[in-house]
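Across the two complexes that follow, chain A remains constant while its partner is chain B and subsequently chain C.
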Partner chain A sequence: MSDYEGGPANDDDLSLPRATVYKLIAEMLPDDVACAKDTRDLLLDCCNEFIHLIASESNEICEKEAKKTIAAEHVLAALRELGFEKYVGEVEEAYGEHRQQQTKDRGRKSTKLNRLGLSEEELLRSQEFLFAQARMRFQNQAAQGAPDGGGGSGGGSA
Partner chain B sequence: MRKKDKTKFPVARIKKIMQMDEEVGKMAQATPVLISKSLELFMQSIVDDVSKHARACNARKISPTHLKRCVESTECYDFLKDIVESVVDDGDGGGAEVCVAKVAEMEEGGVEAQIKSEGLGGGGGGAP
Partner chain C sequence: MVSIESAATPGTSSLPAARVRRIIKEDKDIFACGSDSLFLISRATEYFIDSLVRESYEFSRLDKRKTVQYKDMAKAVQSIEQYDFLTDIIPPTVSLKKNAN
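Showing the complex of A and B:
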């Protein structure tokens, strides 16, 4: 792990990155409306608060089910509970996409060796074969070097 | 639909923010990803809603006052009341009640009502 400390120095100052939120606000605003600077800061606070809200509610729901890990289902239930049921559809879609991506990543990790389709025994045999070839090449080189009168080092001409 | 779809929230940061709450423990990998999506939708909702309030006051810029009125008139934004508490309503557009009523009217009547009142409507124009 690197020593890069990319976030705020103090854990209590944690917030979403300002630039990201400001950019999103600008992208989301309709063409005929702008946003005042102090309103932007308030919206940033609202976003942070939203995270705390959903986190807290999801955690409660998770505990009620006697589970220790907050799962996707808990987040969806929290959204419904808090009056954000209209978000559930798209959030479920995002969940589906996330799972697809995870399956792809997992598949990619193990294909390297599996793709060859060789068993371990076959791999061992081919490895020994390659060693034998290399050995022969080496011996041939050494044999060719002999007529020069040199030993193993082959030459020594200036 | 958003104009651009590339800006995303940092998932790792979201997880850290969630864990500021001591009660929050372990979570599945997907969890902060879903919260990120929810946050996007929340931002779009609140920007849309506050924009309506700005328009109702014929303002070009969203001010803290508009945000405050929006929060106070929408039930699911109750959790934001503390954040806007310190904002002083500057009486823009005739005051909070006038604007909130206007927004409600706009929402009931739909877009047609708004276009009509701006004189851009199709048939029937001109008749008082």
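Showing the complex of A and C:
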């Protein structure tokens, strides 16, 4: 496989990564409790079903609003619709943290240029200046190379 | 319900986004799913795992066992209405009558 992303070879075997889910199960149970292997695998299948269920219901709600892309509120409505209201509070909270995190990341990305302390006009001028310099250098090279029929670049092989 | 400590950063999911997206995309009726929605579905799935695991464990405890077995999960699915969508993938392994006592 040329691009091995650690996932299944074909989409039919698509499920959540085993190791990740096994770890979650272990975290959710008391330290002295284990989960049988076939039970863990069963849980993996249940997760798939759950994802399909929520996605499908979200999609229906989305279509009813004549939208094409499933949005956050569609997912929240789907959870309520399917009897998973108890998840809604915590999911909403996580959503709030998620958006805060995104704003932080976006902020970080834009500071590099801001830190130079130059205005956009100044940046443009300095860019043009660098281009002009490069152009001059190129023209000088060309002028030097031309007279003897361009014998400058690389000698012939023996 | 105990809140889940997810990954290292708050507002992230332990489940890989790309994989969750591929699972969602298996449904050909779905045109597109925003990344925010993807995140919400991932988180909801984590809560689902948490609930189902704990509910299954309850049945292990009733049976005085320290290992959560297949039949525990089967009983959890049978006994909770919201899990009706799972009945097809968990054929009843134990008849409810037998375990009524």
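The rule we apply is simple: the second predicted complex is superposed on the first by the 110 of 158 C-alpha atoms of A that agree within 3 Å, B and C clash if a C-alpha of one lies under 4 Å from a C-alpha of the other, contacts with A are read in each partner's own complex, and residues count from 1 in each chain.
Just so it is clear, a residue touches a chain if its C-beta (ideal position, glycine included) is under 8 Å from a C-beta of that chain, and two chains touch if they have at least 3 such contacts.
Just so it is clear, the model here is predicted, and its values are computed rather than measured.
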Fill in: Combined model on chain A: chain C and chain B, fit or clash
clash
Worksheet item: In the superposed arrangement, which partner chain does A:L16 touch: chain B (first), chain C (second), both, or neither?
Response: both
Practice prompt. Applying the touch criterion given at the start, work out whether A:L124 contacts chain B, chain C, both or neither, answering first, second, both or neither.
Written response: neither
Discussion item. Between chain B and chain C, whom does A:I25 touch in the aligned arrangement: first, second, both, or neither?
Written reply: both
Worksheet item: Between chain B (first) and chain C (second), which does A:M136 come into contact with in this model arrangement: first, second, both, or neither?
Response: neither
Practice prompt. Could you look at A:Q100 and tell me whether it touches chain B, chain C, both or neither (first, second, both, neither)?
Written response: second
Item to complete: Please write out, lowest number first, the residues of chain A touched by both chain B and chain C across the two complexes.
Response: 7, 11, 14-17, 20-21, 23-25, 27-29, 32-36, 38-39, 42-43, 45-56, 58-59, 68-72, 74-76, 79, 82-84, 86-87, 90-91, 94-95, 98-99, 102
Practice prompt. Over in the complex, which chain C residues touch chain A? Could you list them?
Written response: 1, 3-6, 9-12, 14-16, 18-20, 22-24, 26-27, 29-34, 36-37, 39-41, 43-50, 52-54, 56-57, 60, 66-70, 72-73, 77, 81-82, 85-86, 89-90
Worksheet item: If you look only at chain A, which of its residues touch chain B in the complex?
Response: 7, 11-12, 14-17, 20-21, 23-25, 27-30, 32-36, 38-39, 42-43, 45-56, 58-59, 68-72, 74-76, 79, 82-84, 86-87, 90-91, 94-95, 98-99, 102
Practice prompt. Would you pull the chain A residues touching chain C in the complex into a rising list?
Written response: 5, 7, 11, 14-17, 20-21, 23-25, 27-29, 32-36, 38-39, 42-43, 45-56, 58-59, 68-72, 74-76, 79, 82-84, 86-87, 90-91, 94-102
Worksheet, complete the sentence: Within their complex, chain B touches chain A through residues 2-4, 7-10, 13-14, 16-18, 20-21, 23-31, 33-35, 37-44, 46-48, 50-51, 54-55, 60-64, 66-67, 75-76, 79-80, 83-84, 87
